[in-house]
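One chain, chain A, appears in both complexes that follow, with chain B as partner in the first and chain C in the second.
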Partner chain A sequence: MPDIHEMETYIRRKFAEHVGLPESDLFGEDLTLAALITRSERMTNSVDLMEAFARTSNGLRKDFGLRVRLPALSLDTPISRVLEVFLQEAQSQQGRAA
Partner chain B sequence: MRFDESILTLRVRPNDLDSLGHVNNATVLEYLEAGRWAWMEQHGVRHRTHILPVVSRVEIDYRREIHPQEVGVRTVIDAPAPEELEDSVTYRVCFRQRVFTEGGRQMAVEAAVHVAFIDEESRTLCSLQDFLAAAREPQRAGGGARS
Partner chain C sequence: MTTVSPRVARESSAEAILEQGGSSHVEHEAGAGAANRPVIVADLYQAITRESRSLVDLTWEQQRLHESRRWSAMELVGAVDIQRLSESDRNLVWNAGRAELTTKPGADRLERLADAECRKWQGRNDVVASILQACGTWSRYWNEEEAHHETSFNRLSQLLGLEPISDATFIEYRKVFPDDDMLRTLTLLSISEIVAAVNYGHCARVIQDPGLKALFKQVGADEIQHMNYFIAFAKALVDSGEYKAKEAFAVAHLFLREGGEVHGSKRGHVESRGTHVNWWDQVEHREGLYSPDAIEKKESLIFNALKRITGMTVSSAQEVEDTWMDLVGC
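Moving on, here comes the complex of A and B:
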């Protein structure tokens, strides 16, 4: 099982990949989800955003066997909070699997 | 998993027409929606489940005027391909929809409608596979899956 840092690196990389923005832009500026949709050329609406979450979760399931499901998040949520929720969910799943 | 094209026949109503005497552009979107309901019915997909289809994008070409007559709405899945439906997790579907007039001889409208699937309670995205599984579950006694 990956440790917390590996998992964070994985989530950052995968999420940035699905959103179509460099990790440094996404996390460096701590964009809100609304700002992220505006900034990304790949995203039009919150469905696109939810798809990026779902694809990241799907990656966690395939690569680490963790079933992570994010709650609905409002568009003013900063990306640091999204990452925090992702990690909490992944860790609690990891705890259950252990 | 393979889904055939569905064909819905509708009669243009007088109130569908605008001041030019042809079907209003916004009403055509309602015809397309009726076509997608018919597609779901044809494939045994129940209307009421906790996972709901949501339109996220519509691209539409109005090619000819539609005058009062019978029209046919043809609906088919354009993407994902049938083999992708089997092998991967898909979060949206693109329907190709066409409206025909003159007894099916003239294509009046062509559209690509993108649909995603949202869980009613958590308001999060679900996959097409989740949606189909929920929509094909046997209906519980006393009505739909959710009221």
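Moving on, here comes the complex of A and C:
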């Protein structure tokens, strides 16, 4: 099982990849989801955002065997909070699997 | 050819159609007389590819169906006994009038988006270009029919002396939804029509005045017809192989997930948007007055729409999410 830092690094990298923004922009400025959609050339609306979350989640499932589902998040949610929710969900899945 | 035959409220109520999944009139055109009945071409891809039907053929069918279903807003509004309406009825009329204001920008956008997308495909995939042009062309009938809904309810609101819709609100509700992928757009419109049709059908059940009941039934039947058109266009895009089923599932998931759009203004958090107005976010519920929910009915119609658009069967919100996640990949 990956440790928390390994998982955080993975989620940051994958999410930045799916959103199409550098990790440093995304997490350095702690963009809100609304700002992220505006900034990313790959994003049109919250459906694209949902897909980026889904692909990150599918990656966690494929690479670590964890099934993580995110709740609906409002567009004023900062990305740091999204990361936090992702990690909480992943840890609780790990707990269940252990 | 698979077709959907026309029905108006006078012949078959919106409720009855909804009870049968919204597509109860899908039939195979066969035998004498069938060719004379105007239909929604449900298998549009096949109609264009195997049956070589042209845009002139398809447009004539749209025109025939539209003409066969026309009704008079003046007549139906005139048949409402405004003295008989309850406080609940009045609130339903007021909300319906405001909601219907958002349909014109929807239809205007569909026309523009479909035409732009059509030109993008011309020469690359002429069948897709034709599907999109058929869709953009049909938007004129959709727009005209929605005009009946909007003006009927808002005129009634005025006659009832309800809170007036200011010009500022009118203009706000005319804001145009931002552009998106065409399959997502058509799926969203299908679902919007499902939610509206179920709401109107349920309102018609509780309304006592025959005139107002008839108006809500008629509007509900129109919305079902629109849903069937949107599903037909969406299915044709998927059948073409150029549009991915995941986009239809994504939109369905957006509505069906916990706290999703299907709960409208009753959900815990409604996004505040400066870009456009989603009518389902703006319905005002008042203490003690009837407001339709019927979430299960809406969900089952959305599952049915997904089946018709993509050919994939789902029967719960969880299955919609699981299927969408599988389609998305890593």
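Remarks
Keep this in mind: the second predicted complex is superposed on the first by the 98 of 98 C-alpha atoms of A that agree within 3 Å, B and C clash if a C-alpha of one lies under 4 Å from a C-alpha of the other, contacts with A are read in each partner's own complex, and residues count from 1 in each chain.
The rule we apply is simple: a residue touches a chain if its C-beta (ideal position, glycine included) is under 8 Å from a C-beta of that chain, and two chains touch if they have at least 3 such contacts.
Keep in mind it's a predicted model, so treat the numbers as computed, not measured.
Contacts of A:V47 after superposition on the shared chain: both chain B and chain C are touched.
Once the two complexes are overlaid on the shared chain, A:G59 sits against chain C while remaining clear of chain B. In the superposition on chain A, contact of A:I4 is made with neither chain B nor chain C.
Applying the stated contact rule after C-alpha superposition, one finds that A:S74 touches chain C and leaves chain B untouched.
Common to the chain B and chain C contact sets on chain A are residues 44-45, 47, 50-51, 54-55, 58, 69, 71-72.
Of all residues in chain A, those touching chain C in their complex are 44-47, 50-51, 54-55, 57-59, 62, 69, 71-72, 74-75. The residues of chain B lying in touch with chain A in their complex are 54, 56-57, 89, 91-92, 116, 118, 122-125, 127. Contact residues of chain A toward chain B in the complex are 44-45, 47-48, 50-51, 53-55, 58, 69-72. Only residues 178-181, 184, 246-247, 250-251, 253-254, 257-260, 269, 271, 321, 324-325, 328-330 of chain C touch chain A when the two sit together in their complex.
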